[in-house]
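A short write-up of the structure that comes next.
The first chain written gets the first letter, and so on, giving A, B, C, D, E and F; residue counts start at 1 in each chain.
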Amino acid sequence: MSRYAMGNRWWRRVGMASLLIWVVTTRGLAQEAVEAASAPITTVALETAQAPVSHEMFTVNNTWMMVATFLVFIMHLGFATVESGLNRAKNAVNILFKNTMIPAIGLLTYALIGFNLMYPGNDNWILGKFLGFGGFGIGTDAAGLTSAYNPGYTYWTDFLFQGMFAATAATVVSGAVCERIKLKSFLVFATLYVALIYPWVGSWKWGGGWLDGMGFHDFAGSTLVHSVGGWAALIGAIMVGPRMGKYTNGGVRPIMGHNIPLVVIGVFLLWLGWFGFNGGSVLSAEAGNVSFVLVTTSLAASAGAVGAMFASWLLQKKPDLTMVLNGILAGLVGITAGADVVSAPASVLIGLLAGALVVVSVLTMDRLRVDDPVGAVSVHLVCGVWGTLAVGIWGRGKSFSTQLIGVVAYGVVCVIAALIFFGLVRALMGLRVSAEEELSGLDIGEHGMEAYPDFQGFLTK
Amino acid sequence: MKMITAIIQPEKLPDVKAALFAAKVYKMTVSNVIGCGQQMGYHETYRGAIAEVNLLKKVRIDIAVNEDFVRPTIEAIIRGARTGKIGDGKIFVTDLLECLRIRTGEAGSEAIG
Amino acid sequence: MSRYAMGNRWWRRVGMASLLIWVVTTRGLAQEAVEAASAPITTVALETAQAPVSHEMFTVNNTWMMVATFLVFIMHLGFATVESGLNRAKNAVNILFKNTMIPAIGLLTYALIGFNLMYPGNDNWILGKFLGFGGFGIGTDAAGLTSAYNPGYTYWTDFLFQGMFAATAATVVSGAVCERIKLKSFLVFATLYVALIYPWVGSWKWGGGWLDGMGFHDFAGSTLVHSVGGWAALIGAIMVGPRMGKYTNGGVRPIMGHNIPLVVIGVFLLWLGWFGFNGGSVLSAEAGNVSFVLVTTSLAASAGAVGAMFASWLLQKKPDLTMVLNGILAGLVGITAGADVVSAPASVLIGLLAGALVVVSVLTMDRLRVDDPVGAVSVHLVCGVWGTLAVGIWGRGKSFSTQLIGVVAYGVVCVIAALIFFGLVRALMGLRVSAEEELSGLDIGEHGMEAYPDFQGFLTK
Amino acid sequence: MSRYAMGNRWWRRVGMASLLIWVVTTRGLAQEAVEAASAPITTVALETAQAPVSHEMFTVNNTWMMVATFLVFIMHLGFATVESGLNRAKNAVNILFKNTMIPAIGLLTYALIGFNLMYPGNDNWILGKFLGFGGFGIGTDAAGLTSAYNPGYTYWTDFLFQGMFAATAATVVSGAVCERIKLKSFLVFATLYVALIYPWVGSWKWGGGWLDGMGFHDFAGSTLVHSVGGWAALIGAIMVGPRMGKYTNGGVRPIMGHNIPLVVIGVFLLWLGWFGFNGGSVLSAEAGNVSFVLVTTSLAASAGAVGAMFASWLLQKKPDLTMVLNGILAGLVGITAGADVVSAPASVLIGLLAGALVVVSVLTMDRLRVDDPVGAVSVHLVCGVWGTLAVGIWGRGKSFSTQLIGVVAYGVVCVIAALIFFGLVRALMGLRVSAEEELSGLDIGEHGMEAYPDFQGFLTK
Amino acid sequence: MKMITAIIQPEKLPDVKAALFAAKVYKMTVSNVIGCGQQMGYHETYRGAIAEVNLLKKVRIDIAVNEDFVRPTIEAIIRGARTGKIGDGKIFVTDLLECLRIRTGEAGSEAIG
Amino acid sequence: MKMITAIIQPEKLPDVKAALFAAKVYKMTVSNVIGCGQQMGYHETYRGAIAEVNLLKKVRIDIAVNEDFVRPTIEAIIRGARTGKIGDGKIFVTDLLECLRIRTGEAGSEAIG
């Protein structure tokens, strides 16, 4: 017993000590590195954004951006497997159905309306720098295919890369409301949110809108993507209510994920995808910038795993794999806002804290009786906010208060939008399936089929 | 001694368990079965072909009890399992000649509890 | 009830309206875009094919083509998981075995014979432009490593990219005949078909043969890859006969896929792989061309999902996830022939119709009592033909009748070849396992092991 | 019966004959090709290593190396699914936990200490060319972001690419000791081995140490990565002892893998990852070199599958899918040392023999009563040694004896290191879980949760 | 009343069900079992080690019937399950003291059907 | 004839099988069950919520035997299954009225073996 405990303490001490050593010994160098790394982003890169680049450079940049697009695409598979794995077998088909339709719907609506709502261009602002629209549909002339459009990519790559991001917001919501929301109601909500809200509020920063003008920094979307989805997830989880049997007699009954290997597959795919999510957000293949962003991203993810492992071991007594997996995602969401402007040691700290934060947040949500089966709110909203604010702490030359303004602005608008859309859907079609359907599972109820018909399940799940 | 075997709806297991515990019946053996009774199966459709699933998922509970526990046990099961809808299930009672506790070798009535 | 129905109708109307708006508002622009996009393909690209490119450009091109190769490679995993997931647990090992061996056999035979059969070069035609052969084995001199070989890639990249395609045709067959074909019989058939037929008929178009001369257009293989596999799948499914118990007393008994998450994993990997399949078929990293192809590919896949969802909801009353997944593949197969020469809105239409078509086709195949467990014929043959013909409808400057000639030519030769090879294999080794083996599963019968020994299955499956 | 047997023999003969034809007909050409292919590696590439390259070339090179990094990253998912799939359901969470933490720990320790231990630079050697250390932590100045650092990649890409390799060694160990080792004990061992031993011995060759000076050739790590992990796996498997019930009354009881589709997913991901593992080891995007390496890698993997299929069919009477999957990995491990210096036909032979070897080795290990649940020792150690020696046989201008010296040197040091670390951990914290925990599974014992709670398992597994 | 328990080959379940339906026996409870009888197990080989699987997969059917249904039920099962090969299975008959329908509380013979 | 039903710890199945074989009892039917007895469940924790798993995994063995085999069979089961720890399980004995071999139609004592 005591030997065990000692081993335990000893192990922890070594971990802490090592981290400290590194932070101390490398602070100077790392700071330099950030400066070196971020220099090109703010100067060289922007210059090249003006100056035309060689055909070769344009082709490399575009190739890199296409690769990044693929990586973001595969995140949708990651979300699908994480969400279905963390829920019960009887709802797996339903969850997979939603996660399969989301990128399809996302790309089509983004082509129809989203792209031109998010990137209205300088001349198409309608309401100050608050709302713009460039017209329906996509299309370009020959210039869109050369570096005249952009030194980093063609018009088509631009559309596809941004389009792959778009659906992510809806996917986040999907995870929080699953196992009880009506299929059609969800599809209608997701379509509206992805087609209208995500691109609109995205234009504030990435489309060159008012928050961009203020100096708000959100490199790859801790706020623009993750907390935009997270706010709607929170509202959705509250409005649709907890799953039957989750909270009983003052206690919390765990409803276990039915397929943990699926969750692991998903988290690794998401980490992989994040290389494109963050790496692609440099918007060119500029070697120093992209590779630096990949390093901060990976270190934060790794530290997220470690942070969540220790937090879980401490608070839950046994190390919970699903928490470690959430911790990786937490680290990734956390570093997304500042991957380009924080040092490597800072990225470790951001990830470590995000990993611990996500464990505490998941436990707290259950205490607040907000039933979020996959921890979507904790991962995407809580750590999205944390990451955005962390830029104000460790980001070179960034202002905490501006970051806070951005966080609040997105919070207010997204909460209102989610309330309106979910409210509308509830009034028109209802939000929640019947108790019988919930008991027998949405796979039978909504789709008339099972995910694993050959296997005998524990029927009481 | 009697062996009481109940076939119930899977989702009623927690309720039946609670009712049994309330009736001071703490021991039972539970298994998954599929069954076919008055209740019609639901339809699964798969790639256009319709499957009538006429064997539905059910839960089977076996409880060995002494004579004076037969009534309370049956009543507890009914209390926990009844919804009034077709498919609520059945209870079967058979005679139990002998019961042994493997750990101690005790036999008969004392081994049951 | 009636509110539900209304919600339903309302939802559909919005979808249709939106699509229409986009098609109308963007037709002009999109047409321009196609012209802009396809201009370089037919002119610039071909010119650069003559002119040497800079070392930098050559390296980018080759890098892109290697990435495309990886993406096509991972499609084999996609096929493996789709096929095993859509069948019963008791045959999973057998299906995975076949799908694991196919790329291995495909690459080795392609090295030995296929590559030089498919790309005989100008001087090695034996029978007009109908059959050529460049000799056994692979190898090159130093020129093969530079842009002297090709401005887009080295000799080795060329071999590997084309080799990854090769096995695809056999995989398509595997899906249609699984759960009852003898392992050895299938392996022999697949080896022959991949080593001889696929590269031979491929040479007609991509090797510069007679169909290429006629102006037949098949960008990335709707016909050359997918329907070549699809015809053999059709013949195989007919010759090996339906699975026991599938068609009884005039009714169709569904035999459900045992692991739907596996199918979802596979379809996403296939979509991912298609970025390389189509994007790599540009044969260089030329930014405008590749990125345009990626957009049409993605839009068609998305529209395929939507088309299949509505068709399934309409015809089957409940939205069938496996149909939506087939719909995505249908959209991808459909756009493969014309990804470079149709506009973005046309790609949506091609995908939408392919998605609907695949649902109707799956239902029809069952009515015709052709038992195709994974819908391989519907996806690869039916939508392969559809995609090839669609080029004749929406493809800039393409002729419908030439497309039809190509479709028919491939059909005739592939059907005959499949009949001969399957006939030979049946005569020499038998095609079908014994009824006992089919009942207890091919995993026990052919491999003496189970896919999920720790789990209790429903034994009657 | 006899027809079956004939078919069987006939099939084999054709296979053998075809291979022979190819080896014979292409030997000449292929030899040339190797010369052509390897020429740039030894001359041009090294020259460019000195000469600065254009910004465009640097960006392509770095982009390629980032892609290679992603591919190596995804290998960790491959290992996770292979290992969990090849073990029992009751230990799946535990295995996945370890495989999720390993890359996280690996990257963090590599940042803290490993990178500077493995690549100390010319001036930081402490003990001859035997041990060097460049200080704690990572960081660079602006030069690290340009081709001044290296014509192939930035400082950050260098770190991340090498960091992704680092954890692989620990993962190999994980596979051999799973289902009975204590979680904490494993994590401590893995951290020490990855942080100290892997980078230290790696410096001997890749860091420019004494073996590099001798002309030892290990292109991408048959020895430096795979057998370094393999030796520790062997020691670990012996020290922790066989799983309960594996060897009884003189017989070997099979303990079957619980989820074969997971294993297939893993092996395909590993093959995919190997494109980056080997392709990235060219350390630039140099078209001829990289594409040649990809071809030898793929041919060896394919031949490994075929070799293992025949060996398994011969020795086990039925073709064992898990053996074929091990065969693919065996081929990949085998080609890793010489992918750049052997001809295409030689790569087929190396793979074929590795595939057969792995089957024999797995059977032999069981005869020796070394319980290695996933065949890690057979794949990584045995085939790692084979591949390293094969360079001495078929590698252009390589010496067999130098290769042998390298193999032995790594063997001696790794065995000693593993003995010390495992011994220390055993003394301080114990190595093995209690018999009760082993029976009920480490998922309950170490993590208090199950991988598939909704499914009814065969309880006696 | 009697409880009839049959252990049959899994693949014969559809045939037995059809035979029972033809004999107007519509109610039954089915479960998965593994069994060991005269039939030899098949061999699985896994990574070189041979496993004799001496517990084979079987299906168990439980049917509660009134006395006059005993013969027809047994005959129907035999008709559906017999192939003449080792492994066809067994039928066991035990006495059923009581039967209750949970939904209505009906007991005895009327509850059975 | 008697039907002997034992509920044992899953991991003791191989030992019980061996003991039965040693006692010349070669036929049995085995199934998975979950049960609740004197033994306390273990705790699973999942994302912070603690689940007391009060239904534990068990294995059920059914063996139909002739009268003279009842004792030896019970003793063999106890020999194989007993560890002396809570959770070792129970044995139940019921009367078996009839036994039929489906393959041959044999009935009674000769059908049992």
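Throughout what follows, a contact is a pair of C-beta atoms (placed from the backbone, for glycine too) under 8 Å apart; a residue touches a chain by one contact, two chains touch by 3 or more.
None of the values given here were measured: they were computed from a predicted structure.
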| item | value |
| --- | --- |
| Partner chains that chain A and chain F have in common | B, D |
| Selected from C-E, D-F or D-E, interface repeating A-F by over half of its contact pairs | D-E |
| Centroid spacing, where centroids are CA-atom means, of chain A and chain B in whole angstrom | 46 |
| Interchain centroid distance [CA atoms averaged], chain C/chain F, Å | 53 |
| Where chain E and chain F are represented by their mean Cα positions, the distance between them in whole Å | 18 |
| Touching two or more other chains - residue numbers and ranges from chain A | 56, 60, 63, 67, 256-257, 259, 265, 317-318, 320, 322, 448-450, 452-453, 455-458 |
| Set of chain F residues in contact with two or more other chains | 31-32, 34, 44-46, 58, 94-95 |
| Arrangement of touching chains [line / ring / star / complete / other] | other |
| Chain-to-chain touches, reported pairwise for every pair that qualifies | A-B, A-C, A-D, A-F, B-C, B-E, B-F, C-D, C-E, D-E, D-F, E-F |
| Chain A to chain F touching residues, read off their complex | 252-254, 256-257, 315-318, 320, 322-323, 359, 362-363, 366, 375, 458 |
| Chain D contact footprint on chain C (complex, rising order) | 55-56, 58-60, 62-63, 66-67, 69-70, 73-74, 76-77, 80-81, 84-85, 92-93, 96-97, 99-101, 103-105, 107-109, 111-113, 135-142, 144-146, 153-157, 159-160, 163, 183-184, 187-188, 259, 262, 265, 428-429, 446-456 |
| Chain F to chain D touching residues, read off their complex | 10-11, 13-14, 32, 42-46, 57-59 |
| Complex contacts: residues of chain B adjacent to chain E | 2, 6-8, 31-38, 55, 58, 60, 74, 77-78, 81-95 |
| Chain F partner contacts - residues on chain B that touch it in the complex | 3, 17, 26-32, 62, 64, 94-103, 105, 111 |
